[in-house]
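Below are two complexes that have subunit A in common, paired first with subunit B and then with subunit C.
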Partner chain A sequence: MTRIDGIIILDTNGKPLISSHFPQHPPSYATSHIDTFNHALKVAQASPSTSSSTKAELEPILWVNALSRGAAGVGMGGAGLCHVEREGLRFLVPVGRELNPLFAFAFLDSFLETLTEYLGEVTEASIKENFDIVYMLIEEMLDEGHPMTMETNMLKEIVLPPTLMRKLLSAAGVSSIQSPASAPFTAPIPWRKPNVRHSNNEIYFDVEESLDAIIDRKGNLLSSSITGRINCNSRLSGNPDLLLNFGNAKVMTDCGFHPCIRYNRWERDHVLSFIPPDGKFRLLEYQTDTSIGRAQLPLQLKASMSIEDYGGKFSLTLTSRTNARPIEDIVISIHLGQGTSSVSATATGDKRMPGVNSGGLARREENAAEGGVGGGTWEFDPHTQVLRWRLASLTATERAPSLTGSFTSTAQHPVPSPSFDLAFLIQHQTFSGLRIDQLKVAGDVMYKPFKGVKVASKAGRYEVRW
Partner chain B sequence: MAALNRLSQRIKENFQESTRDFAIPGGSASTATYFDTSDDKIKEISKLLESRHDKERLEGMKRIIAGISKGRDMEPFFAQVVKNVVAPSIEIRKLVYIYLLRFASTNSDLLLLSINTFQKDLSDQSPLIRSMSLRVLTSIRVPVIQGIVMLGLKKLVNDRNPWVRKTVAGGLAKVYEVDNSQLSSLIPLLQTLLSSQSPLTLGATLTAFVEICPDRLDLLHPYYRHICRLLVDADEWGQAVAVEVLTRYCRAMLEKPEPLTTNADSDDELEGVDIDLAMFLDCAKPLFQSRNPAVVLAMAKAYYHLAPAGHKLVGQEQLVAPVLRLANGKAEVMGLAWEVIAVMSEERPWLFRPRFTSTFLHAADSTYVNLVKLRAMSALHYIRFPDTAVAEEAVRAIGALVRSQPVVASTGLATLMRWLRSNRGEVQPGLADIDNLVGQSVISLKSIILTLPASATPSPRALVARLAKQLPTVTNHNARASVFWLVGQYASSDSPNEHGLGWEGVQAWVPDVLRQAVKGFAEESSIAKLQILTLSTKVAALAPASSQLTLLTQYLFNLARYDASYDVRDRGRLLSSLLRGVVSEADTEEDQGGVVLRREQVKAVLLGQRPVAEKQSVDAELEAGSMSRVLRRRMVGYEGLPEWTNDPTDSNLRDSEVEHQKPPAPTSMGSHIPPPAIPVHLSSSVTSIARSPSTSNASPVGSAPIVKSKFQDLDAFLDSETEDETESEEE
Partner chain C sequence: MADAKLFTRGKVQELRDELRASGDRRDKGFVRKKTALKKVVANMTMGNDMSALFPEITQCLAIQVLEIKKMVYLYLVNYGRSRPEEVTGAISGFLTDCHDRNPLIRGLAIRTMSSIPLPPIIQALIDPLRSGLEDQDPYVRKTSALAVAKLYASDFGKRIIDKEGFVAMLRDLLADQNPTVVANAVASLVEISDRSTDISLRLNATVAGKLVAALGECSEWGQVYILDSLLSFVPTSHMDAETLAERISVRLQHANSAVVLTTIKVIMYLMNYMEDEVLIRALERKMGPPLVTLLSSGSEVQYVGLRNILLIVQRRPAILQNEVKVFFCKYNDPIYVKLAKLEIMYRLTREDNVAEVLAELKEYASEVDVDFVRKAVRSIGRLAIKIAPAADRCIQTLLGLMGTKITYVVQEAIVVIKDIFRRYPNQYESIIGILCENLDVLDEPEAKSAMIWIIGQYADRIENSDELLEDFCFTFKEEAAEVQLALLTATVKLFIRRPTAAQELLPKVLKLATEEAENPDLRDRGFMYWRLLTSNPAAAREIVLSERPVISTETDRMDKGMLDQLLLHTGTLGSIYHKNPNTFIRTARARYLPDSPALNASSKRHLITPSGPAPALARLTISTSSANSGALSTPTIPSRSANMASSPMPAASPLPDASPVNGMRGGGGGGVDDVYGDLADLDFGAAGGGGRGGYETDAPRPRGGAEDLLF
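Moving on, here comes the complex of A and B:
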């Protein structure tokens, strides 16, 4: 009920790179998990992916028939295999006994975060280079499957990160590690190292909101939700006790807090009171309760699609409804269905030369070079059967750009995805209107820190049906 | 800076120098170094381990660990590694510990040599060393030293450093695993840990509790309120465990909350809720805002199973928003969160209903997520998805939706029927997927029709008739079989006087279906053949007076007798003898013995009420949010929550000196069992209304006057039918 079995890291070829010890289980335990996983992956990759995405999809937890040791000795049992993928590497967590299924994933998430903190980036090379550190981390984070020391700041005192200094010292033959700077296991705040010093005291907040929306073919908003997160990079000395005020905190309804945040203070005053960890961390995630109205949608897409035998026609028109800021990095994509062989389309827009394409199997670079940016560029990837239309930016005053064209297919009745996916970015603005107002510092510190705030909003899963 | 560069350059050279010996020729320099474990290199490890320099011994240990991860046998080095236990460098020691933990059980004799070192370290100044040595000591699973281990645990259980106490908690379970007769001496240690004022140890302590004595919930009485208070400040992992333990405790020990009373004037905000239960729910409520999905899920389960519905402060509605937040989170979590929502909304549809728009599918989501979302709630739109797996689940979900939400039944039915019609002619032989989709639609329809009350509009009979009309276009075997079965089930007629061709008691269009079926009998799959046989038997039993139908049935039995499939032959024999009491006045001369059923009995056999079964529901008893439920298999260690106790414990038990401030005076404990707080399961109430068509009264044999009328074929019947289908589309 409270433990996972261990952790296995597979390289990009499905070979084990790191495997924790499974003392509770027969020696074949790890291998049978690896085999099951690789087999499932192969099956998923081989099957003609019917979905619009090209990645092979596996269920988040696989069932593994494995020898396991139960209460009554060794016997055929089974285990759940939780897995995630990062940079082509696979991280597997076998679970032999009933467990809160998110426990394993939360652990994996935490583990990966720690690895990133230690190794910079988690790749096959970086893991191989620092395998001893990875093993030590696993050892400290997992005590026979129970999460043990999970706070990165604390781990860093026990398992030293691979810094240049350490390499220097070890190469020079000096044993530096005898007495770490501060005594481990004595910090009063689990997530914060004692005696942090920075010459410049600064803290950065990075607010990012994303909008999920479904718009039906008549332009009605079927559902929408805004999720946001505030990432933080704290470089403050001592133990600062921060108090963060928001412009309209009420918009944040369902929050997920970093453990450093004091719950009751939030409940009472809707302010964030916390002693931050040192370095980068996610302060909170939130959802807003107010779903926005149809009129507030920043970007409108008029889409029509008609299906004929062996092909179809489509026509798209984009309008910006955001007066203040340009909308950037707009990508509109749709999966045109199995068997789509070619697409021809014309993108038109304001000011700049229209880009014309025909029969395009790949992106026509010359379009961009000729300056057909007003109507953007489009591309069709015959492998994934996805049509993409990109625009670098769009303002409300511009003439609405459009893309019209047709596609051919080897299937008599092509089945394109029923909706267009939209992606875009708007800087310096939140959908919800959330603002960071004021930061007060208390605690044992005497300085006034520099506060930096960055705000952006983007489309999450934003789709327009046709 | 330049100096530093030069230094690093020199060091780098130095490093390359010292590693050159064991680099693979042509291999990528440093990464390959440790992973090169050819036999020669392994020999060098011994040399390194015996070295006087820390650096070389560290090198040796690293290579050993690398060897382990390559799957090499590193056990021969055990003796040499053990010697390094006393190394002054923590880094070396850590690697040694990793090694020892792996091979300790097979080399206990050698390991015993170093026990003294560990024992000494238990008194070390550094809490890190104390904790590490205790961890190694408890992990050596050798029965001989359990005495020493127990001493160590007892020594450190009152350590002033909470991290060390955390290690003690972890050690308890390990000792118990080796020797469970120690339980009686472990429990006092556990109790000491439970009374700890530090939230840091809470998780590890309750984890130990779960591992050692999960059933001794009574041990928690004096600590219950203490734990509730510490909960907010515990670490995330501890919170996840603690919430689960407390949920279990509340079910077993506290009184079930009463359903909300209607008078809202009452000042007592926690009316009807046991004071201790309210305390848990209230203390834990902030944890809904944890960033850790495991905690949020544990909380959702707690509220799902404990909280009263509709309560302002601690109602189970509280869980909806946080779970939906998970469902918008990271990809892996998303799928599982929807899985939980699916299960919860199957069981309590009202819970997530206000937020139903969240369940709309996004084309960008993974197939898995979309499949589960559909189970969570079915939207009529999604059959258009190119992914046939999703479309199929959509059809199934519409079926589930119609059954659980009668309001939308007509829309759902209309969509399914229209969908079936629109696909006519488009079913291409190669597209097995589409074929399955049609099959699933029919099967969904079948289960919907069975649950409809006879008075519904459109009436189940009309639906069956329309389905029967689709028969020529349906190729899926299961679907065809289902239609034949349905026709048989709904063949009886309430209006015997209408046509009078001798088949009164039978719907006018049914014989035509049967005729067509008999005509194509040879081409049917055996599963459909079985159902055709059943259909004809039913018809014969309903209208024994009609010689035409009897002859048709007789003809069919003859066909079945020489069928290739023995199942069909068997079924034919079975059914024909079943019918003996109904049709065979002619050949009574030879008594074949055995029991002959009368017509009413035959009808009861053939047309009796059938339970509505559909794919799923096998795993319904597995709890929402458990891994077993996700995998649809009962895992080792799965244990459902206990039912609410009928005999709640006295709240005085939970008063104790561990408490600092006393909670408000406990409410008096009523001995009565409160009525269920949870509203009646919606879909089950629907099923209870559903009635089988067999209950409709058919006239006894021959009692109806025979009125001549024209034979009506199926098309004619359908044309005469009023078009009551409402074609509203949800867009």
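Moving on, here comes the complex of A and C:
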């Protein structure tokens, strides 16, 4: 049976902001779920065992008991409670029957995406301000737990987004909200509304690959995987039929497609043929099976750490192995363990002229790469006990930057986390070598759209043990 | 409280005035009406009782503004059930809307009415629902399809639906040209057949084929519905199963994880009916990568994925056999992900990859999370038991870890080493000395009793075994029951092996056990030994020192029939908790792998039917046929009898191995508190006859009783 019971949104204090109605359940149903959740959260937060400790780790599915006041239900009643956290808000989906929790999580994903689309940011304030919209959305998306209308495109025909509505309201007296476009639901393509019109026809593709890896103490690659995503922002009029060609499509071994993609065509020719939804959407996810070797790692981190009583020493050296492109936004971080009181360290690197930055792109961080030193900056956050070393960019030709230093701790045997986390970004390049070659636009369109492709690769969950 | 009530009452009056005042000619575009309604809905959702406004709200039904209609309907759904008299006043408004020319309003009216399961409303809905199911607009059709299932939930609605033949209309919708309508009709039928005692959904190959054809154009939600419904298709030939599985296997390449996992569920189900080994291998290869992909999702999806993978690899180990590295834990993984990965790592470890897994487990053992460290240590021990050629290396790793002197590591290691001793008798006695160095740190009952068992078992080879046991006995009265039992048995063993050494200790312990203990098990066992030793020392020797059944890891695998049954629940709560949902969800129903001429021999052998497991020697066949790569070939010992021989009560077997058997952990109705229970379970072959690992099949319930919906 594939339906969820409803949805509850809790604010940062665990109080319900929104709770869809649970028609088949006693009124206490929602409350007992909320109570169970808050209780579990409290227990998890109080538990001392969590080491990485920045976040309480609550199992994603909780068991909620004692709901059955029903006749036969003696201890048998209960439901699973799926939950996710977003911006401090908690989104709960109780699933009473024998249901696929993934279905609940997928629904939540979709729901949150829609909310973002409608409200911009999903925050306590924005939900409160637009609670009627949120309610109507829930009503439209869920018919007693069955997903009804999930595509944002369709929803927008039924539930007007707040901005548009406000505009209409201000033009008082205009009752044009009365009936949206006639019969929008007969749209032949479920993910695309008919009669899309844009004054500028443009389409953008974002290819992003991320590398998950565990590097052991000797620098060997223990396990790794590369996941890629192609996100698309389509602003094309009419019903364009697109054909996307890849330079080397074979590197994508395991694909997850957006429903718009014609599967048979992919099987036959390894090209993507589809009529896109309007707006932003994820076209494709893939894994590559190019098992990347130690030599192909774009960045090498030599890390050593020694623990002494009440403190320890560390030394890190970074080498870029990527010749073509600079590696950007490098962040190396580690949790130094409970009780760490202070850190002192020196970052060294190549001398570099201020402002000369090989990437030439706008930086997100202002303080990075300021001093004209290639060694980057480091910081220690005493609240989270996390040490971070940031480098704005690194090329293969410059002297390997390093960070050496020591920390002190109030604990006699400090227990830093056994691995360093690594984050970085390489623009204009994919790990797998995937390229988008060509986009052909066919269908009932008379225009020549503007096409844009952006490519980047970055570190996902990337850990280097010391 | 009183204040709040007062506040609400005042508020209600205020809102009533506002509602009455608005909506006239001056209220252009009903802006003010809308604002007033918004306030009502806001109050309603915050839990303030707004039901007193019923008459004013019902009046708004006549306003032909979609937004207002929605809020009115929201209100009616919320309070309609509790105000049966007043809601009937809204019926005429509903009926007008059911004939509106805007399909959205038609759908909305049907949807709302079906959410208020009161007889007058249902009665009024009959005609609109019938035309709704045949409406020209797919939105109305899909809404109506779901409405049928919603009505079916109430007794009155159920009767109406049976009488009016709505189910047949739903069946006709399966051939609808709009895939979303098809999907909703399927969802509705599945729900009705789950709920009903006399209707059950059965698909034949043609309909199943048509549904699969609709898959391609469905939204992901519709795909999940349709895929789920395919479990109602019982293949009658190998061909049927093979064709269908091949056709749906393209769904493995879907971005939505729910679609992927549901596809895997259906393919796993169909495999039971396949014959073509080549195809089965090919499908297995196809299923691996999408499962691995689940691991690059958010931690929630990862968790669900991992719990399911654990089931899947037990049934079809080939699927991920070379992927153990994918499951290596990252330090920053949430703990629930780590624990789930650990269990899968254990399952996927074989002789040729045991070295890297061991190195990895050793890493984990130095982490901070106590629970995780313990499970890592325990896994090392389990690997020693599972993979004989690696036992030496595992022991070395364990001893290395004991060198850290971290108390919980040492204790956990001792517990597993005891199991290793049982698995490989007389091979590793040389390390007993090292173990004995750690006696002081033992403070957990399980570790203590493990150590005591070792001392008792090797009483004749440990020089000072009598002194060690004596030390333990100082605190006899304060110890947990399992430690007391262990001490009692160990002392008896010592006495039999070295009578002089235990001359003083034995009477003391027997006295403590029989006279001062409150635990009846302990007293009983004490008396039993006492009598045995006094009446027939030779028999005592034979019993107490009898050869122990060698433990195996074969038995910590789930029964295959049980697995097949659980796999029908792949991706559901049941697969998270590894229990049949009907054992913990009242409304859920047990699923059984349906028998059919096409069911292949191995699945048939383990088939669990509503009336229980397949007859014959199902269990015995498992243990001999499913030879575990190089591990033990000792068949699952019918250890019940072995235990019986040595002790009258299974619970008080002379081995202090009262360590939990599957059944004691996860069993029971709501006992899902320890989801990882099975990780800790080393089942000492005791599951031989009992309880299929603690998973009870529910009371027999025939499938498809009176009326089968044969499509």
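The definition used in the following text is that the second predicted complex is superposed on the first by the 424 of 466 C-alpha atoms of A that agree within 3 Å, B and C clash if a C-alpha of one lies under 4 Å from a C-alpha of the other, contacts with A are read in each partner's own complex, and residues count from 1 in each chain.
Keep this in mind: a contact is a pair of C-beta atoms (placed from the backbone, for glycine too) under 8 Å apart; a residue touches a chain by one contact, two chains touch by 3 or more.
All values derive from a computational prediction rather than experimental measurement.
**Q** Answer with clash or fit: subunit B and subunit C placed together on subunit A by superposition.
**A** clash
**Q** By the touch definition at the top of the document, which applies to A:D5: first (subunit B), second (subunit C), both, or neither?
**A** neither
**Q** Quick check on the superposed pair: does A:F105 touch subunit B, subunit C, both, or neither? Answer first, second, both or neither.
**A** both
**Q** Considering only touches as defined above, state whether A:Y263 meets subunit B (first), subunit C (second), both or neither.
**A** Both: A:Y263 reaches subunit B and subunit C.
**Q** Counting only touches as set out at the top, which of subunit B and subunit C does A:A125 meet: first, second, both, neither?
**A** first
**Q** I'd like to know which partner A:D254 touches here: subunit B for first, subunit C for second, both or neither.
**A** Touch status of A:D254: both partners.
**Q** Give one of first, second, both or neither to describe whether A:Q287 is in contact with subunit B, with subunit C, with both, or with none.
**A** A:Q287: touches subunit B and subunit C.
**Q** Examine A:Y135 and indicate which partner it touches, taking first as subunit B and second as subunit C; both and neither are also allowed.
**A** Both partners, subunit B and subunit C.
**Q** Check the residue A:E209 against both partner chains and state whether it touches subunit B (first), subunit C (second), both, or neither.
**A** It touches nothing on subunit B or subunit C.
**Q** Taking the superposition as given, does A:V415 touch the first partner, subunit B, the second, subunit C, both, or neither?
**A** both
**Q** Using the superposition described at the top, list the residues of subunit A that contact subunit B and also contact subunit C.
**A** Residues 1-3, 18-19, 21, 23, 50-52, 57, 59-61, 63, 68, 70, 77-80, 82, 84, 95-103, 105-106, 131-132, 135-136, 139, 143-144, 146-148, 150-151, 158, 160, 172-173, 175, 177-178, 180, 183, 185-186, 190, 212, 214, 222-223, 225, 227, 253-259, 263, 267, 282, 284-285, 287, 289, 415, 417-419, 421, 461, 463, which sit in both footprints.
**Q** How about subunit B: which of its residues touch subunit A in the complex?
**A** Contact set of subunit B toward subunit A: 7-8, 11-12, 14-15, 18, 30-31, 34-35, 53-55, 58, 62, 65-66, 69, 71, 88-91, 94-95, 97-98, 101-102, 105, 126-128, 131, 135, 139, 141, 161, 163-164, 166-167, 170, 174, 200, 204, 207, 210-211, 214, 232, 235-237, 240-241, 244, 286, 288-298, 301, 321-322, 324-326, 328-330, 332-333, 335-337, 357-358, 360, 362-368, 381-382, 384-390, 426, 428, 433, 625-628, 630-631, 633, 635-639, 731.
**Q** Note which residues of subunit C are touching subunit A in the complex, please.
**A** Per the stated touch rule, the residues are 28-31, 38, 41-42, 45, 64-67, 70-71, 73-74, 77-78, 81, 102-104, 111, 115, 137-139, 142-143, 146, 150, 153, 179-180, 184, 187, 190-191, 194, 216-221, 224-225, 228, 250, 253-258, 260-262, 289-290, 292-293, 295-296, 298-301, 303-305, 325-326, 328, 330-332, 334-336, 356, 360, 363, 366-371, 569, 571-574, 576-577, 581, 584-589, 669-670, 672-673, 675.
**Q** Of all residues in subunit A, which touch subunit B in the complex?
**A** Subunit A reaches subunit B through residues 1-3, 16-19, 21, 23, 50-53, 57-61, 63, 68, 70, 77-80, 82, 84, 95-103, 105-109, 125, 128-129, 131-132, 135-136, 139, 143-144, 146-151, 158-160, 164, 167-168, 170-173, 175, 177-178, 180, 183-186, 190, 212, 214, 216-218, 222-223, 225, 227, 253-259, 263-264, 266-267, 282, 284-285, 287, 289, 291, 335, 337-338, 412-413, 415-419, 421, 461, 463.
**Q** Enumerate the contact residues on subunit A facing subunit C in the complex.
**A** 1-3, 18-19, 21, 23-24, 49-52, 57, 59-61, 63, 65, 68, 70, 72-73, 75-80, 82, 84, 95-103, 105-106, 131-132, 135-136, 139, 143-144, 146-148, 150-151, 158, 160, 169, 172-175, 177-180, 182-183, 185-186, 190-191, 212, 214, 222-223, 225, 227, 253-259, 263, 267, 282, 284-285, 287, 289, 415, 417-419, 421, 460-461, 463, 465
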